[in-house]
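Just below sit the structures, each encoded as structure tokens.
Here come two complexes built around chain A, the first alongside chain B, the second alongside chain C.
After this line comes the complex of A and B, so read on.
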């Protein structure tokens, strides 16, 4: 199933370009707007990268799911004997490989903009990698909830941003610890725990949402 | 699971009897509560008369949380049993809960200006209440985004249920995050036990708010039911 999702995602290669370009361009604009003050940039970089990663995920997921819904795939998933949550989980894993990992890499590549040290860069990369599966799962839940509406990415961000706050808080507290040179492991484990919890929650809710997203 | 009291008609017959009683009790508690809170209760020895905002602020925050808990409880009924009454009540509760949240935030910041010197402080309590407001608005936006209300209510109910699990996380994590940034916590609500002369008006005001909440709820639920009846009549003709 993961392979099938990977194949499905690879069919939309054109969209990936716009996703990553959006992310890079938005980061560029943000760093330009902040000005050349090195200390300010250094402090705000993790926050900016995290927020933009969240927004990019929420804007990109609904398109992919909407196409599948139009082709009637969601109905077939419900008819299929395997669990709907397996389908959602494989979707999350595929998105992590195709969007999450490159997104973290783009974040890593752009960190010289913000004059981050190599240690900070590495921990930012890791927090993004840990946080992304939860973001992707939440994005899928949001796009299932808004499937039959006209709202799109804006509505998804509106309903899901409050749910991403724990991730944002723990992810950034890791970065703060690293910046201050303190032990960052406690926040790191908290981030991982929150991420796992959100994945489970979003997938459980998502498989419930799937059953009424397919009603027309 | 067919119990008569979950039928909307039965609820509205009961509410017809309860409504005037609620109005009477609500007016009574507001009158007595405001009188004791503003005139007879002693001012705080540190904060002076400004602490009287507490009598309208604290019950509003409680009601905001209570409304969300009730909303989540009803959402569960909507999702599992598709109860029409729970649907009506949940839709009616969401704006009332948002109203109490706004009231709590506004009165809180009015109190914060003389006490803390700022309308807004990045404190755990303030932030979590603001997140509560965002959850309410997300619920409402999702419900309104659907053209079919029965689809919208189920999507929104699911969101409300997910949100209720998130609420305690936000509360603790922001607290934890805040202690990183600011050495001293600004939470003044964890004051030592409150004197009975102040507790009495607080209790009276809480009772007044509860009746006000149920008055609004009955009114809104009636309006919602009539609106749906009209829609059905229109679609038939």
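After this line comes the complex of A and C, so read on.
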């Protein structure tokens, strides 16, 4: 199932390029807009990168799932003996490899524009890697819940953005700790725990939503 | 082998029952919008009704095991629009574990083997239908549920389909078809 999903996502390579370009351009423009104030850049970089990562994930994944549903590919999944949760988990893993990791890399590459130290850059990279699976799982859940609605993207944001707040808070708290030279491990653990909890929650709810998503 | 008891899906249809044994065919007929596709989706377990109206080999259907006995080809052809045909074959391999050779032979039988390097969404509706229906040959399942398989097929395609249906029945398979075609002798029919 994982191989299938990896192969499936690899067919959208062109779309990923536009996702990363949007992410990179938005970050670059934000760094220019904030001006040369190094302190301001350092303080706002993690929040900007995190918020952009959340929005990019939430606006990229629904389109892919909607396309699969439109062409009957979700029927094929439902007729497969594997559990729905296995399919959703495979999808999350595939998205982490094809979207999450490159997105974190783009964030890492652009962080010098925000005057981040190498330690801060590495921490930001790690927080994005830890948080992305939960963002991806929530994005998939959102797209399953809004599969048969018009303008699902906006609805997904309204339903699921509040759920991403703990990730954002703990992710930024890690960055604050690193910036202030304090022990960041407790915040890292909180971020990891929250991410794991949201993945489990989203996959459980997604499995339920998947069985109804194609009933039309 | 497959029995359906009192299937009701308001407001489309109500209290539909049938019993289908080996080598038998059930035709589901009706006007456009009468609910043929919905009925087939219920039979495939893609729409779940409570209480469960389906019985397979005399026992109430347990979806995950029952669905391993059926091949469903719906209106949506379950083909990846952005894939080349060779990519689609690879996806099928990952999904079903069937060997590439087996799939390629079936595609050859349907006359679409030469389209390996063509993108699915650049193919005609008839070619896509042939590719999707090729599953009948490479995915051996006792129960076929096919939603209007005759539409979009040319004469050659129809011949391949009829032969596939005959061979399947001879081997003891069951067929459920939504169709506007004439009713052949010895087939059951449900009119919606």
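By our rule, the second predicted complex is superposed on the first by the 215 of 216 C-alpha atoms of A that agree within 3 Å, B and C clash if a C-alpha of one lies under 4 Å from a C-alpha of the other, contacts with A are read in each partner's own complex, and residues count from 1 in each chain.
Heads up, the rule we're going with is that a residue touches a chain if its C-beta (ideal position, glycine included) is under 8 Å from a C-beta of that chain, and two chains touch if they have at least 3 such contacts.
Fair warning: this is a prediction, and the values are worked out from it, not measured in the lab.
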| item | value |
| --- | --- |
| Partner contacting more residues of chain A (chain B vs chain C) | B |
| First, second, both or neither for A:173, with chain B first and chain C second | first |
| Contacts of A:75 with chain B and chain C, given as first, second, both or neither | second |
| Which superposed partner A:149 touches (first chain B, second chain C, both, neither) | first |
| First, second, both or neither for A:201, with chain B first and chain C second | first |
| Chain B versus chain C as contact partner of A:215, first or second or both or neither | both |
| Which of chain B and chain C A:123 touches, first, second, both or neither | neither |
| Touched partner set for A:165, first chain B, second chain C, both or neither | first |
| Overlap of the chain B and chain C footprints on chain A, listed as residue numbers | 215 |
| Complex contacts: residues of chain A adjacent to chain C | 1, 3-4, 7-8, 11-12, 67, 70-73, 75-76, 78-81, 211, 214-215 |
| In the complex, chain C residues that touch chain A | 41, 44-48, 64-65, 67-68, 70, 72, 74-83, 87, 90-91, 94-95 |
| Complex interface listing, chain B residues touching chain A | 79, 131, 134-135, 137-139, 141-142, 145-146, 148, 151, 154-155, 158-159, 161-163, 165-166, 169-170, 173-174, 176-177, 180 |
| Chain B-facing residues of chain A, complex | 141, 145-146, 148-151, 155, 158-163, 165-166, 169-170, 172-173, 176, 190, 194, 201-202, 205, 208-209, 212-213, 215 |
